[in-house]
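Below you'll find a set of structures to go through.
Each of the two complexes below includes subunit A, the first together with subunit B, the second together with subunit C.
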Partner chain A sequence: MAGRTVMTLTREAPVATVREAPPRRRRHDGLTTALMAGPATVLYVVMLVVPVGLAFYLSLTDWDGFSADPAFVGAANYARLLDDPELRRAALVTLLVAAAGTAGLNLLGLGFALLVDGVSRANTFFRIVLFYPHVLSALVVGFLWSAILGTNGAVNNLVTTWGGEVLPFLSDPAWATVTMIAVLVWAGFGVNVVLYLAGLQAVPHSLIEAARIDGATRWQVFRNVTLPALGPSVTINIVLSLVTLLKTYDLVVSLTAGGPAGQTQTVAYLILWNSFHDARLGFGSAQSVILMLVTAALAFVVTRLRRRGEMAVHQ
Partner chain B sequence: MRKTFLSATAAFMLVPLYVLTVNAFKGQQEILRDPFGLGGLTLEPLGRALTNPQFDVVKGYAVTLLFVVAVNVLSVLLAAPAAYTIARSPKRRFRVLMLFFLAGTFIPGQVLVIPVVYVLKTLGLMGTIRGFVLFETTLTLPFSIFLYAGYIATIPAVLDQAAAVDGAGRLRTFWQIVFPLMRPAVATMVILNTFSVWNDFVNPQIILGPGSGLYTVTTGVYAAVSQYSTDYTVVFPTLLLAIAPLLVFFVFMQRHIISGLTAGATKG
Partner chain C sequence: MRSPRPSLVLSGIGCLLLLTGCGGGGFAGDSQAQQSEGGQVTVRMLVNISPNLTQAYWDGLVKPFEQANPGIDVEIEAPTGKGVADTLPQQLAAGNAPDVVETLMADETLAKQMLDLSDQPWAKDTPLAEQAKLGGKIYTVGVGVQAQSLVFYNRTAFGKAGIDEPPATWDEFDTAMGKLKSAGYLPLQTGGDFLTGLQLLQLSNPSRAQNHPAWQQDVSSGKIKAGESLLPYLKRYHGWIGKGYVDKNALGLKYADAETAFLSGKSAMYVMGSWFTAAEAKAEKDFEVGVFPAPVDKGQRHPGPQGATLAAPYMILKSSPQKDAALKLVQWLVTDPAAVKSQLKQDGNFRTGVEREFTPLEKQVQEILDAAPSGVPQGEGYGDATLPKGFNSAWNTEVQGLYVGKSPEEVAEGVDRWLAGRS
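This part shows the complex of A and B:
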């Protein structure tokens, strides 16, 4: 039916817009607009807006993923969240990953952006090499690093051949968490390099030269000219890293599978595990609502703090 | 000193890729004996990965490519005209519509997948290719519309008026005059969508489900590797087959891909 409407409209539209009197033309215009913006809007509402609302609703039910009308349980899922030790640990891991990962991504991102700034063949090559892991899926990156850092992995093979002890990169909880953060940074900081490079192009060259002529050291130039001018870039990079890291999932699946003993489960991992392994989608919805709210709140707070910082610099 | 440091870093970035490539051509014994060496290379593991009953790689490529093409075509067909309407209308309600779409860029996928299962079940689309393609396309809409509307605003409206004077309707004006000029923006989105569909794990895994027998390259890697993560003659060749097309594509189109994916990263 939709197909037929398209056909008749495309055939008639040109004729109508040229010949007909204004009232008819306006109605036709409205139809064309509906035809152009309508399908996208309908799909967006059905598959994105409705689900966001549903997430709130389902979090108040005991939906198991199968039943047609789940029972309403009120705030029970949220109450259970508060004293769930598994979730508390996952929240801690997630916050640690997000904080340490954001620091790593941005320190390396900004540092390497300064190193590969400027047009040259070598710089282009280095940018590509720093960026390429971002092309791979996090799932592949995790499997690859687990093959390299696992107990029988490439690195431990080398270590034992040289007579050393096996290093528990993925088999000790603390090591596994650090390994996970390191792999996330390895795979992601290339994007931050590119974003900071874009920011660096906006730093006025004349200012840097003026500071140099006045006898400022490289560090002083960076600290007092480049970094303040990069302010908005830093904010964007920090918020992006935080938001991305707070939903870390694929890498957990492939690198550690949440182990050892569930010690590297992130909140996103737990959400999907509870929902689709334990068939507790109502409970999972409650967790994802909280995750969404915490993410939004953190992004907001960081943006506000940074803005205040930027204002202070400009005064 | 800068060059030395950068070269050392580049080596560190590339070592995993080297280990992956070299060991995809070795037996288990050889991998365990000398994971970094070049001894005992054979094509046998790669051949076995190609005929793995757990995951048919060639079919995985075909399925993934089908999804990539379907999502890209549908996304352009829906987002481009919507963005045109928004960008060319001075009316307030279209600015509101833009904000409405823009809000979608802030919703993380994990929050959506559970309620989307509910919606798809209600519509009878759960576990179907149609359902998956529709949802994956929806995820591309907010940022596409944002990017396209911004780009269309840079195309002079005089062109539209000229076309209208010549008797072209709005649909024709858009598709024949404006759309061809949007090529750079469309190329950016196609690159971005191609990578996000190819690399997506959660959505195909949950919406299509293992029961459907439909594996994308990424869910197929999971099916093939997760159970056998210590059998390196499965892990390395499978991973190599999964990333080789992307890496080749990346090497040839690196400048466009880097700018496209970076634009995508900023969508939050």
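This part shows the complex of A and C:
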């Protein structure tokens, strides 16, 4: 076997030719690889595979969170999900939050990244200011904004002092949903700014220079050079925003507590509520399995669509 | 794609087994005894932390017990989740359950995990011991009673509105609200969070208990429907929203905001449990607060049965490796005169036969409790009178629906649909 030639084909690389190592050396390499990959594999399995497996197992039981012997109920929890009006409402709210929030985070993120791009003291200051809300815990952000926008909050105190009517930021379902999305965007878009700034560093300066020499306007440079070059950044920003927003929980707790009348409950909020407050961990696990699958599917679809778009640009 | 090498897979599984062997996972019953080499025993107690009941308060409360029992250390644990109800299941699942849990009361789910205290002679004499029994057994013992169906009011506002006597019936209550509105006050203070539904339950207890003395049991057995039986109160409340007796934007207020609004004199009445007396005592205000029992229907006995819940309920986990020490601690917490008085005072609660220094408002609450013919479970209830877990929240969500366009009938149907889904 010694000296046998192995050919490896990859999509990007040309045909590569390597000489295969002797069996003893290969065994040694294998053991080294196993030892090196072992800790990471264990971490992956323990932190990801086991919890997901456990959640799936629990979703097939009637576990209340207290008893030591949950009964196996098969797919009953999943069947119940189909007929759950609370979940349907929460799913709609979650999708709305995810869609509008993703748009807001990315539009603001990209817009501000373009504004604070370049090296200057002012830009450094503004980058810190823009990122600052993300440093705060979502719980703190929620309480802060509820103190500002609540019925007796700072804004309404001003409005009523000036003779106006109380604005129902948190007491009307439509207003409360919009308020929640706006606060989520306010608290999160700093991360998108940072990611877009990193993407902007990778845009070849020579291309921008060439476009300008050819007489392109600022908008034309952005539309035809900067934006296409930012393709991978846009993809990562959209996927990250989408996945984060689909799991919105803590801000709901502190800002609206799911109200008014349960109209701002998200799926993640409902999962935690059903699991621990109503002592239906089996049912909550079924909801979390579905949320995980939907999140993964949406992330996959978005990534594929974006990749197709990026490839079309490069062709 | 290459398949993973067997050596890699085996090493991964080996490490995983090693790690899981080190872990302490498992269900209740797997808790490890905590006994140090010197024979010192640690009793872990999971408690509710609130503005009244701080970690420092709890630590100070159990200090005399530790001094009197040198072999026992009491470790106060604050909830790691949203509250005790969220934290306990997490601890049970992790095999790290405490020995004693405060705040929760035994129901069908919890009772399986808790120690039966029926054979403890002191347990029978604790407040509401009989009412909180589950299947004839005592699992929960408490320090005192929280009166629930109380209407606190601004005496100045009542004076300005020309109301000489607090209302006793629903119709009188409505009339009083009309007068208060005319006098420029928001008649009834409410808010979002859990407050909306809680207040309507508190208000309706005395008359509901006279119409349906065993309401929870009757709902559980299907004899009556919860929503349908509470429809008259929903209709009345709906009318209050329409007439502006409650703020149509109240759902944008948190519990603390609502309390502050009442104490700042913006509103005339505030329905709340007896623990509000502790907050009232601390608040600076330029008016006097009075209290009267919740109204009843015309022709019903007034004051009616008072909504009553157990104050500072304690349970011992069956899995506790320190049962004797835990029993000793809980007995001390609910029977030691100094410990009982301290807890009653700290959270504004009451216990028949226990004399303590009352504020004028607390004195009135004690009089209302003494005058009430009985104490009745409220909403989700306790002991044998228990509805499915989550009823109070579901009720709250549905009642809030009255503010966002639902009719009382739709709300009642929503409540009954929720219960049907849980049965």
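Here is the rule we go by: the second predicted complex is superposed on the first by the 267 of 315 C-alpha atoms of A that agree within 3 Å, B and C clash if a C-alpha of one lies under 4 Å from a C-alpha of the other, contacts with A are read in each partner's own complex, and residues count from 1 in each chain.
We adopt the following convention: contacts are C-beta pairs under 8 Å (C-beta built on N, C-alpha and C of every residue); 3 or more make two chains touch, one makes a residue touch a chain.
Note that this is a predicted model, so its numbers are computed, not measured.
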| item | value |
| --- | --- |
| Touched partner set for A:T41, first subunit B, second subunit C, both or neither | both |
| Partner chain(s) touched by A:H277 [first = subunit B, second = subunit C, both, neither] | second |
| Touching partner for A:S288 - first (subunit B), second (subunit C), both, neither | first |
| Subunit B versus subunit C as contact partner of A:S233, first or second or both or neither | neither |
| Contacts of A:N77 with subunit B and subunit C, given as first, second, both or neither | neither |
| Contacts of A:V135 with subunit B and subunit C, given as first, second, both or neither | first |
| Touched partner set for A:S146, first subunit B, second subunit C, both or neither | both |
| More subunit A residues in contact [subunit B versus subunit C] | B |
| Which superposed partner A:N106 touches (first subunit B, second subunit C, both, neither) | neither |
| Partner chain(s) touched by A:G65 [first = subunit B, second = subunit C, both, neither] | both |
| Shared subunit A surface residues [contacts with subunit B and with subunit C] | 33, 35, 37, 39, 41, 46, 65, 146, 150, 152-153, 253, 257, 272, 275-276, 281 |
| Footprint of subunit A on subunit C - complex, ascending | 5, 7-8, 10-12, 15-16, 19-20, 27-29, 81-82, 85-86, 88-90, 92-93, 109-110, 112-113, 192-193, 247-254, 257, 260-261, 388-390, 393, 397-398, 400-401, 403-404, 406, 421 |
| Residues on subunit A engaged by subunit C in the complex (per definition of touch) | 30-31, 33-35, 37-39, 41-42, 45-46, 64-68, 84, 146, 149-153, 166, 168-173, 176, 253, 257-263, 272-273, 275-279, 281 |
| Subunit B to subunit A touching residues, read off their complex | 2-3, 5-6, 9-10, 13-14, 16-17, 19-20, 23, 31-36, 77-79, 81-82, 84-86, 89, 94, 97, 101, 104, 106-119, 134-135, 137-139, 141-142, 145, 164, 167-172, 174, 195, 198-202, 206, 218, 221-222, 225-226, 229-230, 232, 235-236, 239, 242-243, 246-247, 250, 254, 257-259, 261-262, 265-266, 268 |
| Subunit B-facing residues of subunit A, complex | 9-10, 13-14, 16-18, 29, 32-33, 35-37, 39-41, 43-44, 46-55, 58, 63, 65, 112, 115-116, 122, 125-140, 143-148, 150, 152-154, 157-158, 186, 191, 194-195, 198, 236, 239-240, 243-244, 247, 249-250, 253-254, 257, 268, 271-272, 275-276, 281, 284-285, 288-289, 291-292, 295-296, 299 |
